[in-house]
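One chain, chain A, appears in both complexes that follow, with chain B as partner in the first and chain C in the second.
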Partner chain A sequence: MWFPASVLTSTLIIIFFLLGYPVVTTLVSGPVKPGWAKTHVKPAVKTAFFVSLIPLFLFVNEGVEVVIASWNWMNTMTFDVGISLKFDHYSLIFTPVALYVSWAIMEFAMWYMQDDPHMDQFFKYLLIFLIAMIVLVTANNLFQLFIGWEGVGIMSFLLIGWWSSRADANTAALQAVVYNRVGDIGLIFALAWMVTNLNSWEMQQVFVTVEGFNVTPPALGLVLAAAGKSAQFGLHPWLPSAMEGPTPVSALLHSSTMVVAGIFLLIRMSPLLEKSPTALTVCLCLGALTALFTACCALTHNDLKKVIAFSTSSQLGLMMVTIGLNQPQLAFLHICMHAFFKAMLFLCSGSIIHSLGGEQDIRKMGAIQRQTPWTSSCFTIGSLALTGMPFLAGFFSKDAIIEAMTTSHLNAWALILTLIATAFTAVYSLRLIYFVVMVNPRSMAISPIGEGDPQLINPLKRLAWGSILAGLCITLNVLPFKTPVMSMPPVLKLIAVIVTVLGFLTALWLIAPLGARTQTTLSPNMHRFTSMLGFYPALVHRATPKLSLVWGQTAADQMIDQNWLEQVGPKATVTLNKPLITTTSNIQQGITKTHLTLFLLALILVVSMIIF
Partner chain B sequence: MASAFLTHPQKVLRLYKKSLRHLESWSDNRHDYRFHACVLRGRFDDNIAEKDMVKATMLLKTGEEEFWTKQHPCPYIFPDSPGGTSYERYECYRVPEWVLEHWHPSEKAVYPDYFSKREQWKKLRLESWDKEIAQLQLEAEVGGPKTEALPPARIDGDLPPLWWQIVTRPKAQGS
Partner chain C sequence: MAGVGFRRWAQALSRGKGSGLSALLPGYRAASGGSKADLPSSYPLTPEAKAAAAKKYNMRVDDYKPYPDQGEGYGDYPKLPDTSQQERDPWYQWDHPDLRRNWGEPMHWNFDIFTRNRVDTSPTVVSWSTMCKQLFGFIGFMLFMFYLGEKYPAYQPVAPKQYPYNNLYLEKGGDPEKQPEEVVNYKI
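Our next item is the complex of A and B:
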């Protein structure tokens, strides 16, 4: 069956209209009607999800490669910028996934934020974020992608700092902006390079005309942009700090959608990246380092949301490793799987936090499986999916990534780091399940524990179904672009499962009853190192501003005060004239007798001339 | 009477309490913590009868050093305490008391009892204001107050100084 390409464009425009209409209704003067979120927002996102399935089913059924729709926007003599939409494998699968997860999170947020006086504004921000994210995902030129990129960054700032009276929240929002801006330097550099060398921002044109150019500089710029947005090592501290925002924000932005924008950019630009082995190596090593470092930090932290944030960062590192292996489709698969179970983990954490009266420390949780069975079950399913439990969502992507890694002939150091990070994932996942769901209760005796509200349970159920079935659905219906390695030794095939099981066994040994063991940690120094996040924020957040301020002071001091005032300006006249004056004065000092003698001689000469 | 310097018992008690809190942060479960807390209490009780202040001070110094080396890097902080996850979260939603003056009469009519009593309180405030200021000026320290603590009413029938600010402070969320 043939379908016109305009069907895809029309459905996207309908999606934008569905998401934008509730935002537009808030622009009228006066407050919105009570229950606006329930009557306008949730149905809009739900409908947008079902509409987004139409192009997906058509695309899968027809086996189409890509459909691009372009309009002219800004045209100059030498350079054109257009509005260009790309409907391919990535955008058509990610849009329904993002909308499905958003639907669940919006419904959850109606329960979570029901006591907030500005709940409607909160949902408006979420809708604007969603629109920006879809703009980013469907962009076929880098300028349009940049619009979406900055849009999600701004909404992230507004949503992290939602509780603006809290100093830590404001600091975290600013931190997110600054770290993302550092990454944006790379993206803007890449944009500038493309404009000057390739005269275009359209992706198709870039991929074709880049032949013969040294693409390493723009590729590294794109990697820097991805490192900033996707919290890779060096630009990672903003992600755990972003947990200051409400839990729905953490679930939507900082696990499923916004943080994967960096990886998505690299997936989109993978034809450019694969021409630069340097950039791919940087991706591989940076991703491996990020995966291990953040997994280490997750092992010892006690804040539930921060542990899940570190696990997000670790999985983003794994996605970066996959990009480094030149397997963008596998990275994309992991993005989609990760969205389901990570969002579910955050929603479960939100349910637990609300049930325990705002408690986020896992040392004050425990034994909630009978009081909150749905939350506990979904939390367990999400954690198991995260570890790559066979045939859950995470298994299909994670196992494939590790197989691709073990059968590649690339960096063994990166492979070892990734395998250790995989083991650590199992350790901290079991640690979370043990301390939060199992063991004896350590929370306050009287807590508002309960999960009778369908607005809480239904989203968890939907995401649970996604975490169980999404892997199977996507892998059965989408063909891989690159042929995977079909035969390998059994050890390599099973290495992911072996490493995960080893991680579980290690965790079980660590949480065994202490008995006579009085020391609660094996290595206090390592515990301190990982608890303080490797002392990275303490060093960088103090050293960098201090250096900037010192250099600024020196520049101002040297250039303005010393240069213009002392060496060029008024004091320069002193500097120049004083030696002359001193020399002239010195020459004429101490020779009064000579002056008198010369005066007398001159007088005698004049008188003689007059007389004679 | 509070002063700028801590006494020896105060220092010991502060060390004991923060040690217990950090012990709780290290412990995985309650009975484990209870065992170690009892051991810690025993260590403090062993030296409770020490009369030699030099020795007692040296013991305190040793204890502080031991606490410094064994403290938890991320100790447990209650959510609403400074440094906690909910600290100052709802400050932006707290509305000062004078906003009630600006309510529309139709809104005030919904709570007639409260607003009639409020008028009486405002009269009482006007009457007691001069006496409150007089008491504060009388008891003012040279160089200004050292703490935020306010003195109680000294005369029977008087109200404590600045009672209106205390009574009408914005309430915490959920309380």
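Our next item is the complex of A and C:
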């Protein structure tokens, strides 16, 4: 069948129009009509999802590798920047996944945010975010990607700080912006390196012309950017703090779409990254450390949303490990699977929190499976998918990643950390299911528990179907780019399942009746270390701002005020002129002796000039 | 408004003392802002000056302590303790609840550093040195282990190992009288 490449571009433009039109309608003067979110936003996202399936099906059916559409935008004598859209396996699969998840979250948000007086503005922000995200994933040059990158960062700031009267929310939003900005230093450095060495930001040209260059500096810049955006260790505290935002924000931005932008950047730039073994090793080690550290933190926290946030960070670490293994396609597969079940976990947590009157502590939940069967079931399915339960969505990606790890030549400690993190995933997942859904109820006796609203149930059902079937659908229709290792010892083949089962057994042993053990915690020091997030925020969030603000104040006071505006300016005038004035006026006192001395000096000077 | 101003101006003109333009200024402007006496002044040298400064800043004389006079320009501004707003009682009904501050309270010279969004000086569960030791100890341990992991990587062998002496035939209990089969797992 003749495949018109323009169909892909046209469908993307239609998607931008569908998402942009509701935003444009808010620019007219006067408030929007009541129910604007229900009549404009949700249908727009739903339609955009179905439209995005057209290019996906065409692409898969035709077996095309990539389609690029380019327009001239800015041209100088030596450097051109264009608008170019890349339709390849990554962008064409991610767009429908993101829109499907967004559709579910928008519908959920209509229930969750129904009492909010600025609900329409909330949906507008979500739409703008979605547009920025699609710009990011379809970008074929780094400048366009950077536009989407900054767009999602700004919307994240606005949405985390939605309840702006809460100081904690404002602090969390500020944290997100500052940590992302630190990561942006790396991306801007990479952009600068490319423009000075390769004279282009177009990805195809970069990959071709980079031969012969030492690509480690820009690669490390890209890794820094990904570490900031995807909350890797060192730049990770903003993600758990971002749970201050409303649950739909956490579900859409901070689990499925925005946080994976860093990993997506590395996937896009993987041809560059694979030329730098140093960068790949850094990815591997950083990802493994993040995966384990955040999994440990999830074991000891009691805030439901925070545990899911740490779980997200741990999975992002796993994706970074996969990049370090030079398996970008597997990382992308995990991004897609993770989007479904993590969004579902967040929606379930939102439903539970609303049902219990705003309670987020898992120690004050329990036994909600009869009152909220849909939520409990979806929560369990999501948790099992997260642990890699065979044949759910998470299994297809996670199992493949662990297999790739165990059959590769890699850092042994990174391997050990990742396996331990996988086990811990099972531990905290079972811990969540146990405390939230099972055992005896520990919540208030009278709570508005209920899930009769279809705007709550239907999104959960859709995401549940995605968590069950997405893995199978995607892996059956997409060929792997790199040949996987086909033969391995049975232990290595089953290691992911073995480690997960060990994690479950450990969790069961830990939640056994207290009579079986004498302590509530195995190690108080380690418990305190992980519950305080390794003391990282306590140290960094106090020392760094204080040093920089005090130094800034000192620089303003002493360098600018006292030095430039006093010593160098007015006081320098005094310092320089006063000796001259004193000398001149001392000479001209009207004393005859002084005059005669000066006359003699002048005479000697003139005579010596005449003689010599 | 214009009528009131015009009437006031006409009255000021009829008094014959100048143009009377100042009468055009509406009265509420005069009440906005502080007077010159409320502004910070020079370093207080006498106990009376200290008492006056304390009164100006709504402080008790015992609590009032100015910055040292080292030419940095602080004047008589009080040196307040370096504690952040986060340390203040969250349940008290402050005039400004987000800033945890009451109206008229003296502001720290670096108040913008100590708001709730910025530096937090509230006491930590563990001492600063313990936190540093544990965090940097953890990071150092991880870096060391990653170094060892790079030195001794994990990998799957692609062929069985090749031992010397005909794959250690005698050591593995082979018959010394018999001629062993040559075992070659791989050639380099």
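Basically, the second predicted complex is superposed on the first by the 545 of 612 C-alpha atoms of A that agree within 3 Å, B and C clash if a C-alpha of one lies under 4 Å from a C-alpha of the other, contacts with A are read in each partner's own complex, and residues count from 1 in each chain.
The rule is short, and it goes like this: a residue touches a chain if its C-beta (ideal position, glycine included) is under 8 Å from a C-beta of that chain, and two chains touch if they have at least 3 such contacts.
Predicted, not measured: the structure shown is a model, and the values here were computed from it.
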| item | value |
| --- | --- |
| Chain C versus chain B on the shared chain A, clash or fit after superposition | fit |
| Partner chain in contact with A:R442 - chain B first, chain C second, else both or neither | first |
| First, second, both or neither for A:S165, with chain B first and chain C second | both |
| Winner by number of chain A residues touched, once chain B and chain C are compared | C |
| Partner chain(s) touched by A:H527 [first = chain B, second = chain C, both, neither] | first |
| Which of chain B and chain C A:P117 touches, first, second, both or neither | first |
| Which superposed partner A:S230 touches (first chain B, second chain C, both, neither) | neither |
| Partner chain(s) touched by A:D361 [first = chain B, second = chain C, both, neither] | first |
| Partner chain in contact with A:S408 - chain B first, chain C second, else both or neither | second |
| Least C-alpha distance (whole Å) that remains between chain C and chain B when both complexes are overlaid | 5 |
| Residues of chain A that lie at the interface with chain B and also at the interface with chain C | 165, 167, 528, 532 |
| Parts of chain A lying in touch with chain C, wherever the complex brings them together | 165, 167, 170-171, 174, 281, 285, 289, 406-416, 488, 492, 528-529, 532, 534-536, 538-539, 541-542, 545-546, 549-550, 553, 557-558, 561-562 |
| Chain A-facing residues of chain B, complex | 24-30, 32, 36, 70, 73-74, 76, 79-80, 85-93 |
| For the chain A and chain B complex, residues of the former touching the latter | 117, 163-169, 301-303, 357-361, 363-364, 435, 439-440, 442, 511, 514, 518, 520-521, 524, 527-528, 531-532 |
| Residues of chain C touching chain A in the complex | 71-73, 98, 110, 112-113, 116-121, 124-126, 128, 131-132, 134-135, 138, 142, 145-146, 148-150, 152-156 |
